[in-house]
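First chain written, first letter: the chains are A, B, C, D and E, and each begins at residue 1.
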Amino acid sequence: MDSIVHRSTEPGAPPGTLAGRPPVGEEALHFTLVEYSQDEVKVDHEVTVAECSFQLSTPTKTWINVAGRASAQMLKSLGDAFHLHPLALEDVFHSHQRPKLDIYDQQGFVVLNDPLYLGDEIKPRQVSIFFGDGYVISFHDETEDIFRPVRERILQAGSRLRRKGIDYLVYALVDLVVDRKFPVIEKVSARLEALESEALDKPGTATLKRIHQARRALVSFHRIQWAERETVLALMRPEVPLIEKETRTFMRDCFDHTVAVMELIESYREMAGSLMEVYLMDSSNRMSEVMKTLAIITAFFMPLSFLTGIYGMNFEVEKGNMPELKWEFGYIFFWCMVLIVVSSLFFWMKRRRWF
Amino acid sequence: MDSIVHRSTEPGAPPGTLAGRPPVGEEALHFTLVEYSQDEVKVDHEVTVAECSFQLSTPTKTWINVAGRASAQMLKSLGDAFHLHPLALEDVFHSHQRPKLDIYDQQGFVVLNDPLYLGDEIKPRQVSIFFGDGYVISFHDETEDIFRPVRERILQAGSRLRRKGIDYLVYALVDLVVDRKFPVIEKVSARLEALESEALDKPGTATLKRIHQARRALVSFHRIQWAERETVLALMRPEVPLIEKETRTFMRDCFDHTVAVMELIESYREMAGSLMEVYLMDSSNRMSEVMKTLAIITAFFMPLSFLTGIYGMNFEVEKGNMPELKWEFGYIFFWCMVLIVVSSLFFWMKRRRWF
Amino acid sequence: MDSIVHRSTEPGAPPGTLAGRPPVGEEALHFTLVEYSQDEVKVDHEVTVAECSFQLSTPTKTWINVAGRASAQMLKSLGDAFHLHPLALEDVFHSHQRPKLDIYDQQGFVVLNDPLYLGDEIKPRQVSIFFGDGYVISFHDETEDIFRPVRERILQAGSRLRRKGIDYLVYALVDLVVDRKFPVIEKVSARLEALESEALDKPGTATLKRIHQARRALVSFHRIQWAERETVLALMRPEVPLIEKETRTFMRDCFDHTVAVMELIESYREMAGSLMEVYLMDSSNRMSEVMKTLAIITAFFMPLSFLTGIYGMNFEVEKGNMPELKWEFGYIFFWCMVLIVVSSLFFWMKRRRWF
Amino acid sequence: MDSIVHRSTEPGAPPGTLAGRPPVGEEALHFTLVEYSQDEVKVDHEVTVAECSFQLSTPTKTWINVAGRASAQMLKSLGDAFHLHPLALEDVFHSHQRPKLDIYDQQGFVVLNDPLYLGDEIKPRQVSIFFGDGYVISFHDETEDIFRPVRERILQAGSRLRRKGIDYLVYALVDLVVDRKFPVIEKVSARLEALESEALDKPGTATLKRIHQARRALVSFHRIQWAERETVLALMRPEVPLIEKETRTFMRDCFDHTVAVMELIESYREMAGSLMEVYLMDSSNRMSEVMKTLAIITAFFMPLSFLTGIYGMNFEVEKGNMPELKWEFGYIFFWCMVLIVVSSLFFWMKRRRWF
Amino acid sequence: MDSIVHRSTEPGAPPGTLAGRPPVGEEALHFTLVEYSQDEVKVDHEVTVAECSFQLSTPTKTWINVAGRASAQMLKSLGDAFHLHPLALEDVFHSHQRPKLDIYDQQGFVVLNDPLYLGDEIKPRQVSIFFGDGYVISFHDETEDIFRPVRERILQAGSRLRRKGIDYLVYALVDLVVDRKFPVIEKVSARLEALESEALDKPGTATLKRIHQARRALVSFHRIQWAERETVLALMRPEVPLIEKETRTFMRDCFDHTVAVMELIESYREMAGSLMEVYLMDSSNRMSEVMKTLAIITAFFMPLSFLTGIYGMNFEVEKGNMPELKWEFGYIFFWCMVLIVVSSLFFWMKRRRWF
């Protein structure tokens, strides 16, 4: 039902244990190292941990991006090289953490989420960002190179990213992850719009299932977004180290976006709930239509069948029973009766607004 | 589903990017420049940005109103002339921001919303107001000249607007945008009243769709109003620069109005929800009526048809079967049976309160 | 739908505008002036504004009560005489404000509500109270003399009202308005009790409409009471001028009453919601009963009609078809078949607990 | 609907009025006076107010318990003897106050509630406790001697009650009233369990009414308990006079109990709401069953009746019409047709999982 | 309904009473004593209270674990030996307390819950942890040895547990109890997933009951988890004695887990509610299908039966009545009529999308 559940560390294992994770697919890891200062920039793909740790001591700003889920071994050596806190490493290793900000001395650890919308499900994908004096290390659950736009901005000489400190890079990464929710929510919106016309125009039995799934996806998305909003808010607090005042102004803009996404999700949840009601009522309306037709047909033909039944009886006409049968205009008399029954029923139903 | 979604900046674009907006209609821009002091006032329509920026250095108070959505070029030159923050300019450019107050040093940036009620939808239209020492710059998404009442009050010699500082002008603009919700909410109220009598008196299949749409419009309106209430509240905080204490008293009155609107929206949302329930029950009532009629007709004619069926059977009367058929008063006997069946069913139904 | 909506001031009008109100009925205004000190008291009915303003300068405590809605002219002269704030006067003029407390320097302005319960609607009626050093001016939307009990307590020598300051008079007025909700809520309670027995015992089509209206009235009442609770709470804050500590103890008692009313309204809202559900289920139960009867009748008579149909067929008996028709006990055989069908259906239904 | 409503004081009556209460039954009052110190204890039943007030000046601790509702006269003399605040006395007199804590100088006034569960209703019964330096006066709405367990603990030499101050007695009384909710909630729980099996196993028309009443009782109980929780929390605040730090530790335990009761009530309310849904669905399921049976019977016998109808027609066989009637195996042919119709319908229904 | 209800202490009993508990099953108690310092560790199973209390005075860290519910006698001697507060002992004795943290001077008392998921019920099992200077005493309601993983980590030389103080042991125990919720919630998730496919694919009458039970279990679980979250949060407060700053960092990780569990429970509750709606709608859909079939069959065969009825009437053909009966192609004419009726009904239904 929800992939956040699957924690595989045994309860009681020591904190910081990098073991017991369900086997991760064959995803090759992509290391990208970006070394930059105001004047120059150097990008290396597929570097080793050793190369990375060497860069730490240089005065330039270092950004290491790891795309794909790292092995315990790799995380341990990275952790040693950059003095990353074991609890934080455990969170990166097991993935599926809720977004949060942890501050270890002179090091910040941000967990965000970059959900993938699969039509009827939200697949959470963790993004982890460590930042310290002069370096940022970012992790993404999949090998997708989501941070390319930021890298390209670094490559532009004179860009704000080059001019400003490492905290502005943190902002740029967080802002990108936050803004990636807008395309997701546009897809959700399109999906709901489609479901809405489906529910209002031609609801089928699968419509219900689809609305239910859309709703479930929104519940998951809401939970992720709620925590992400909190995380960005936490990043704006003055006591967070390394983030400077000017960057906080930008962070505020980013926070506004998380709030906007949050509100949209809430509206859509309400919409989905309302859609279910609409579906329910519509199906009840259709049934009501069917029943009315049933009732009308029954109301017309039951009395008529009774009439035919009467004249189908075998009482002995000779004994004076059922004189109508012997009348010359008996049959016409019968059809007049039918006409009277039909027209009076018609007007009675008309008055009750059955038509 | 909701036009707030459509952000077209690429995730990862540098903040303050004025690009990527969906093409805006052919709306001509209207610049209006109002220069005023306690003693004199000068109004210029259709001025250029250059003329505006010249006025900045004069000791008179300057109010520039831009009706219609500005191009990136125009915004950039305005931004340079008045030192507007790039993040704020981006918000003006892309429009569809949620209401908010941002404070950049010695400059305030207020985003409000002036929604248009289109019968079954709320179309958000952004209003942006920059204010600084001696100037106010206001933007409205459409070319509609909504601020004329304020301009006319400035034209009146001795009016409070002329006597007081630029902060009072900010208040007057905000107050006008806030009060423009009252006519909107009156329309919403009228719509709901109409839907209510429709639902209670003659509900049709379209009623459901209409209630659903009204509800959706209220959800959007609520989201806008919620943020606007927060924004006005933020404007009342003592740390907001330029707004003086006396103006805050007026702002409080304005805040009361946002709260009143908020509460009305909430009542109407609750009403719309309750209307859906009423509709559901009413339609279930009608169906229940139809079913009852069906049951009554069936209950009367089924036994009668059985009766006619019996005397329509062809057992050999000669062998002593079905002696009733040979009776002299057989047919009268049959009608007595019919009478007995009908009247006993009638009293039974009467006792069960089916009529 | 809700009379609070109808604000008729044009958006953009200067604050404090006393114009544009929908015409008010022919209600004569009643001015009552009460001058009192610990030792003496003087009550004048139907005084003029000029007489009132004269009393302001005397050392005695002055209470002016205005019953009925005042004209712009009258309010303006009152405002000049007592230095009332234009924003507050506007609130009195337009009426239908939500309850609130505004503090202008050395003057308090309390808006309360004295709703009238009209069976299926709550009609809000504004009560406005200005208080300052030595005077209280109270307004009530209608000419009803609701404050007579307080006036009579002032007339009693040695009463607490005479002994204490003007703040105790404010408390007495607020307390009276708050306590006037108890009879209203008793009526609401009686109404709901009546609707409850209606819904449980003999629900009709009008029941639904009545529950819906009762619910709507409660939503309005809730909104008013919520704001009133906030207002009384605000009056208890130490920073409110003129209200002394001892009076705050009494105000607390008054606050307890607003909370009690609030909780009752909330219970009743929940009750009304639950009533709707009960109504829905009950009507579904009744329909279910009807359907069951329909099914039982159909189940009995359909097979029987089939039986009669068989023996009504015209196959040539001579050719050996349908030998039953020639049997001597054919008719008795038919009735035995009927008995078997009826009794086996009866036991089958019995076992399924249809009876 | 709810006995808390019936306030009989006229709005506008001076605060502290001991009049206008609906006549109270013939309940004899029971005064119990307990005088105790660490070393000795004296219990007097049925004492007079005069005797009580004499005890006030003694150095021993005094506890007066009044079981049954006191007359205005009695309260006034008690009030004079112990300097009880008139507002508090009014609350005792009129009863049906919501639980609260009022602090008058050097005197505390606690209102609690000891509800009686009457199967389908919660009857609130007020408990009022005054406490001051060296004395406690407790009131209970009914003559039931609920405080006997505490009195018996005082009688035990060396008990904590004897050793500690008057604040521990207050705690003991409050704790007892709080703990008396546990048996009540056990009854509620048993009731809901019974209703649950009723709703799931054999729901009748009365089930609905019972669930509705249980829900209403829970709403009342919740309101009382909410206020009581607040009251006990208020008693734990350091600024409450006379309550010492050590007693606050015990009070915390008592607070835990109010929270536990609160949570149980909330769970039960949720349960009751869910029960209604279950009932609704179950009844809809049963109806669905009945309808299915109806549909099956109709589907089988309608085509069969049509068949018999065909061969009951009187077309002239001689003219070559309806040759089947003349066939030798016409009747057997008819029964084969019946078999084919029945079996094909049977398999069609089987496939649609109607059985 | 809920085992938390059954408090068996009489209301009014003195606090700290260890009596009146319902008889506890024959569960043997298991005492485990762990004595450890950085260098050595000693584990004794099945020790006596006397042996335990002796260890208190040694400089090594002492952890006593009691699995199974202790008798009053045993608790009293433990309480004397370790100076445990009587209120805390009462909570251990009666069990079924909500999770909480109590601080008595220099001693902490944590109550947690280790719920057991029984498919359709959550059985709460209390875990109590006392901690003081150099010792921890833990209790678990059942004899299950849940703390073995922690004991094994202590046995490992050089483990963080050995190196750090007693507060880290407290953290390890709390963390284990918190993490034990993950397997429980995985079971809940699996159960809901199963119920979801049941409700969407083949809902039966038992499905409803099962969803209702799952929902009830979630309500209980939510209540427990809510309090546990609060408890862990309370443990992180700086004013809690003995817990050092470094351990608080670990505690924060533990708190994150409680929040994650909380959010999952809330999602699942929402899911369960939505499942009920899905079930309701699905069952209404199925019924609607059945009704439609009924209506279609009736609509086809009622007119046809009327037709057969007409030609089954016995009007005297000789008198010129019913000439059709004498036609040569009368029977074929009849079948043409049938065809016309059937096909026109078919197209009419097709157009109304009944198929």
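The rule we apply is simple: a residue touches a chain if its C-beta (ideal position, glycine included) is under 8 Å from a C-beta of that chain, and two chains touch if they have at least 3 such contacts.
Just so it is clear, the model here is predicted, and its values are computed rather than measured.
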Touching both chain C and chain E (chains): D
Touching chain A and also chain C, the following chains: B
Rounded Å distance, chain B centre to chain C centre (Cα mean): 25
Set of chain A residues in contact with two or more other chains: 280, 284, 287, 291, 294, 298, 302, 305, 309, 312-314, 322
Residue numbers on chain E that touch chain D, as the complex places them: 1-2, 4-7, 9-15, 87, 97-98, 100, 102, 104, 205, 208-209, 212, 215-216, 219-220, 223, 276, 279-280, 283-284, 286-287, 289-291, 293-294, 297-298, 300-302, 304-305, 307-309, 311-314, 317, 322, 324-328, 330-331, 334
Contacting residues of chain A [partner chain B, same complex]: 147-150, 153, 159-161, 172, 175-176, 179-180, 182-183, 185-186, 189-190, 192-193, 196, 200, 249-250, 252-253, 256, 259-260, 263-264, 267-268, 270-271, 274, 277-278, 280-282, 284-285, 287-288, 291-292, 294-295, 298-299, 302-303, 305-306, 309-310, 312-316, 319-322, 352-354
